[in-house]
Amino acid sequence: MPDLNIAVVGAGLMGADHVIRITERIAGARVSAIVEPDEGRAQAALAHAPGAVHFTTLDDALAAGVVEAVLIATPGQFHEPVLLPALAAGIPILCEKPLTPTPEASLRILEAEQATGKKLIQVGFMRRFDTEYMELRELIAGGTAGELLALNCAHRNGTVPDSYTNTMLIEDSVVHEIDVVRYLTDSPIVAIEVKHGKRNTLSPDHLNEPIFVLLYTESGVLANVEMNVSVQFGYQVKTEAVFQKAIAEIGRTTGMTLWQDGRYGGVENASFKTRFAAAYDSQIQRWVNATKRGEIDGPSAWDGYLASAACAAGVTALTTGERVDVVYAERPAFYN
Amino acid sequence: MPDLNIAVVGAGLMGADHVIRITERIAGARVSAIVEPDEGRAQAALAHAPGAVHFTTLDDALAAGVVEAVLIATPGQFHEPVLLPALAAGIPILCEKPLTPTPEASLRILEAEQATGKKLIQVGFMRRFDTEYMELRELIAGGTAGELLALNCAHRNGTVPDSYTNTMLIEDSVVHEIDVVRYLTDSPIVAIEVKHGKRNTLSPDHLNEPIFVLLYTESGVLANVEMNVSVQFGYQVKTEAVFQKAIAEIGRTTGMTLWQDGRYGGVENASFKTRFAAAYDSQIQRWVNATKRGEIDGPSAWDGYLASAACAAGVTALTTGERVDVVYAERPAFYN
Amino acid sequence: MPDLNIAVVGAGLMGADHVIRITERIAGARVSAIVEPDEGRAQAALAHAPGAVHFTTLDDALAAGVVEAVLIATPGQFHEPVLLPALAAGIPILCEKPLTPTPEASLRILEAEQATGKKLIQVGFMRRFDTEYMELRELIAGGTAGELLALNCAHRNGTVPDSYTNTMLIEDSVVHEIDVVRYLTDSPIVAIEVKHGKRNTLSPDHLNEPIFVLLYTESGVLANVEMNVSVQFGYQVKTEAVFQKAIAEIGRTTGMTLWQDGRYGGVENASFKTRFAAAYDSQIQRWVNATKRGEIDGPSAWDGYLASAACAAGVTALTTGERVDVVYAERPAFYN
Amino acid sequence: MPDLNIAVVGAGLMGADHVIRITERIAGARVSAIVEPDEGRAQAALAHAPGAVHFTTLDDALAAGVVEAVLIATPGQFHEPVLLPALAAGIPILCEKPLTPTPEASLRILEAEQATGKKLIQVGFMRRFDTEYMELRELIAGGTAGELLALNCAHRNGTVPDSYTNTMLIEDSVVHEIDVVRYLTDSPIVAIEVKHGKRNTLSPDHLNEPIFVLLYTESGVLANVEMNVSVQFGYQVKTEAVFQKAIAEIGRTTGMTLWQDGRYGGVENASFKTRFAAAYDSQIQRWVNATKRGEIDGPSAWDGYLASAACAAGVTALTTGERVDVVYAERPAFYN
């Protein structure tokens, strides 16, 4: 079977990374088009995509007939104007999270996807492809540890750029836990509440963090999320699952242990790029393989919508300090 | 210097344990009296305290002139009637936590202690004598990790007897974190809030747990406490400290690692008796040593009162689901 | 650039695994030919290699013009008759270890390769592609831990088939440490000595193991290797490096930690397939990428010869119990 | 029962430590006499032993009638002249290892002890009182992991003083493993062999280490010991036990874990004083308790002799590089 011709839309940090990944590590696919308005970025990415062509809009790329699938890696606010023509063209899409910044926009995307008669969109919640999350999910489903009662999550970034806002604590960062909690529990989040710890003065001045987010699920499982974006020492994502009869922990740092200078230990991950490197590869490889079979193999647009709706409630919770219920549209049969 | 003659009041589980400890592992002290109304318990304890005499009340023991210091290990509701005569006698006291079940009773004890003109009471918050808690406190005080921002605590018991009540989740169990959070942060707890995870159906029918307790400190540091008394697999107490520049974790299980039958790992503690064995020994040894110098060397009656007042707010928080402010009496200069 | 057309020679356990790997996870390559005399095995492998053609000899495959590179995964005694025609055809080769079972055969291969005027052979010592080995090598080279003084290695298999012989302890298993010790120390092994521990009675009757192998390097670094093929509990490969100022350990088991039933711990690897899964993928991907550039990117035929010569000495050491010096041919300038 | 009056003989590093231990942490015992020729050392020790009297010889202390038991902490060459009068006086003895520097001297001590008609000597192999060694011994004896096949031991000191000699590698350091291997395996060491790794240039000039010692036991279990006294980073003693069906490891560093500056980890022990602090306390407490019952509760003079004989062979093995058989005297029925 010939390689899948993928248009990567957006050649910023994430997009450039995906171009290298597809070219160098993914079987059965190639980057055939780079869609990016910025000439410099486009040229930098082209260097890693032999044979790819540069376009400034997806429409041009589609018109050129070199695109069989689309990987969207633009900032979230530009997802909708790329998703809609891609859906109109009827081609498979891997869309980086969030599906869209607002639940209203996500609902429009759901409409458009349903109009095509086929699930075309997969959303890039890559943690679902991390070995340890999968192992934990199996443990929960298997029942050997008893019922799941609670999840204690920590999500820690070393630093964030000045452009990172308080709202992004929810929309860019906690959104991963919002998806993962549902993935692990198979139960929707029904309410969100946000608490503040002591502010980290090493954080950019306009940020008020770390925050502690309570995610209430329909099942009764409570998820506590420490969200921390200025912890300086590295990048760390951990989840501790509290069962009736057991505790399970994932996300512990690994690698070579060194005893030196009176201490022992190892190197912490510097960013999500190393922490989730294998998960990103696996996500793209499985998407390519599924795409060739005419399927998706990961979170759907409906999952993207649910996360978007929960984030909207989360942003309200962040500013009010109150527990905020999450309101969801009814699930179309199409997404069952 | 001759051995310190200690009356152990109460020869139940804890008291009997202390009798053995003092006889077999503590330098410079002996159990001279066992005060216990139950004849069977008393005799069992006497077997481990060569030379000790049995009394049914502390007054009798004091009158017999064989007591230089008192270790109170009765249930909490009997602490006040033992503390008052011991204070009247002007002798040093180590009182198991809680000082008293209510803040009102604690205030009466504070009055009585002040009337003696001397700090005589040490309260048995033994975690302050655990090496790792001490290490963490030093790290916080030292400042090398930046300011402390938050504490994530887990307190897990395998099982509890049917006599254990929801209120005891706060008064018997979270009380340890209440003391330790202040010990670590040097900042009083100003408010408490309680959330419920999914109920553990392996818990006794009348219990609704695990609970997740938020302890708000004056300093802004937020402590999240998972309180779990039916986790089946063993006994585990962990604290994760979130700093500006670092994370520190204490309470990780240790010991021999075994690779067998497709798994690797070790044995978990079965109860607080093994988890905090060294801390109990150290607490009593340091108390004995300090007592001989006419001092106390650990949490005072004032610390006991603060914990009692915070617990009262915690019990209200448990039932209302609301954030409840903690009200404290003014600190007497005597306790500065 | 079009996909590299690879002939996989040998469709047994390892070969079949490589077919799946290349088809499903390796970018820029495809299995174009499966060379395997056994019809059943060939058909099973073809199911995972869309578009590949089945041949019974490499000559047929070469003659058909569908082969640009060769991956040799037959048993070691069949390597030479495949390597020679492949070299004659002048195409790049990835040859599973050992290069050949005897140093004499390896020298013939070196002759044939030199005759082509170009390094075409890479030998499948996949540990060099394992992240932790690479990390350790960098630590050694970097010098921050001081000079390397010794290596303590453990190589443990759960079980081996009855067909596994004592000689294979060296040739099939210790050969990995033989290569890795040189890779880590950049110093050839000059002598080998073998000690026996107590025999494992769970081992097949004809095996006398575990063995403890001392690898003496020219640099003075001594490597102690525990070689153990019946340890039952799983598969484990560890190395502890002893430096002047530090100790470094690699190969510690990782993954989800579970506290349950009075124990804590995790799942051990069941075989080399999971322990070194990422290393195998990385080895093949880097070989494909290098091959397209006309290079090799891993251990050469010379490395294969050195391991073969050391193994021959090791087999003598195994039977004599004496320290046996390793004799190497002079290194042709071609391999500098 | 009154406190046991102990004469501590030798107030150097170890003796002073034992004085503090007995005074501050051991129940049922006191230091009644300090026997030390050096006035300054004696006075320093007396400050930690209220009520103790200073003597320059053990005979003087015995004559003064204030000694019920003796703890010998002088350098090894002075053990015999203290042991003999103590045995003659018929009082219990805890003698720091080695019992004596030579097997001949040890045999004389055995004679003298037998003449008293009672086992009076316990030798200070304190590792037998370390929780993890005891746990490992139970695992071996229990048989659940199958038969023990081999032991991989590492014994690492940060630094040693210039006065430390190559011979002391065996007599002062490996002697611990020599005792422990027999304690764990219940099988005598029948031969010893010593290998050198690359020399550590941070070691004092006259030392040639690390060394790798093979201890062959009668049972067939082979123990490999890395002996390393200049590892700079701290103090570490580990044992890995290789079973038919399992691996067990003891001696892993524990304590608070810190994630900071791109790394995670903890603090390594700085010396045996912290690594084996609890074992030393337990050894002395159990010796005191047993002494009061008229028993010993630990390794006997016979154990001391066996270690001494094995060390003598070890010193020969160190210099010859050959495997050296250990020759033992016949075991007197007295020591069965």
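Letters A, B, C and D mark the chains as written, and numbering starts fresh at 1 in each.
Following the convention adopted for this analysis, a contact is a pair of C-beta atoms (placed from the backbone, for glycine too) under 8 Å apart; a residue touches a chain by one contact, two chains touch by 3 or more.
Chain by chain, the UniProt names read as follows: A, B, C, D = Inositol 2-dehydrogenase.
Please read these numbers as outputs of a predicted model, since none were measured by experiment.
C-beta contact counts were set side by side for A-D and B-D; B-D has more.
Relative to the C-alpha centre of chain C (Inositol 2-dehydrogenase), the farthest chain centre belongs to B.
Centre-to-centre, using mean CA coordinates, chain B (Inositol 2-dehydrogenase) is 37 Å away from chain D (Inositol 2-dehydrogenase). We define each chain's centre as the mean of its Cα atoms; on that basis chain A (Inositol 2-dehydrogenase) and chain D (Inositol 2-dehydrogenase) are separated by 57 Å.
In chain C (Inositol 2-dehydrogenase), 232-233, 236, 245-247, 257-261 are the positions where the chain touches two or more neighbouring chains simultaneously. Residues of chain B (Inositol 2-dehydrogenase) that touch chain D (Inositol 2-dehydrogenase) in their complex: 1, 3, 22-29, 50-51, 131-132, 135-136, 139, 145, 243, 245-250, 252, 254-261, 278, 285, 289.
By the touch rule above, chain A (Inositol 2-dehydrogenase) contacts chain D (Inositol 2-dehydrogenase) in their complex via residues 232-234, 236, 253, 257-268, 270. Residues of chain A (Inositol 2-dehydrogenase) that touch chain B (Inositol 2-dehydrogenase) in their complex: 146-150, 152, 154, 156, 195-202, 210, 212, 214, 219-222, 224, 226, 228, 230-233, 236, 240, 242, 244-247.
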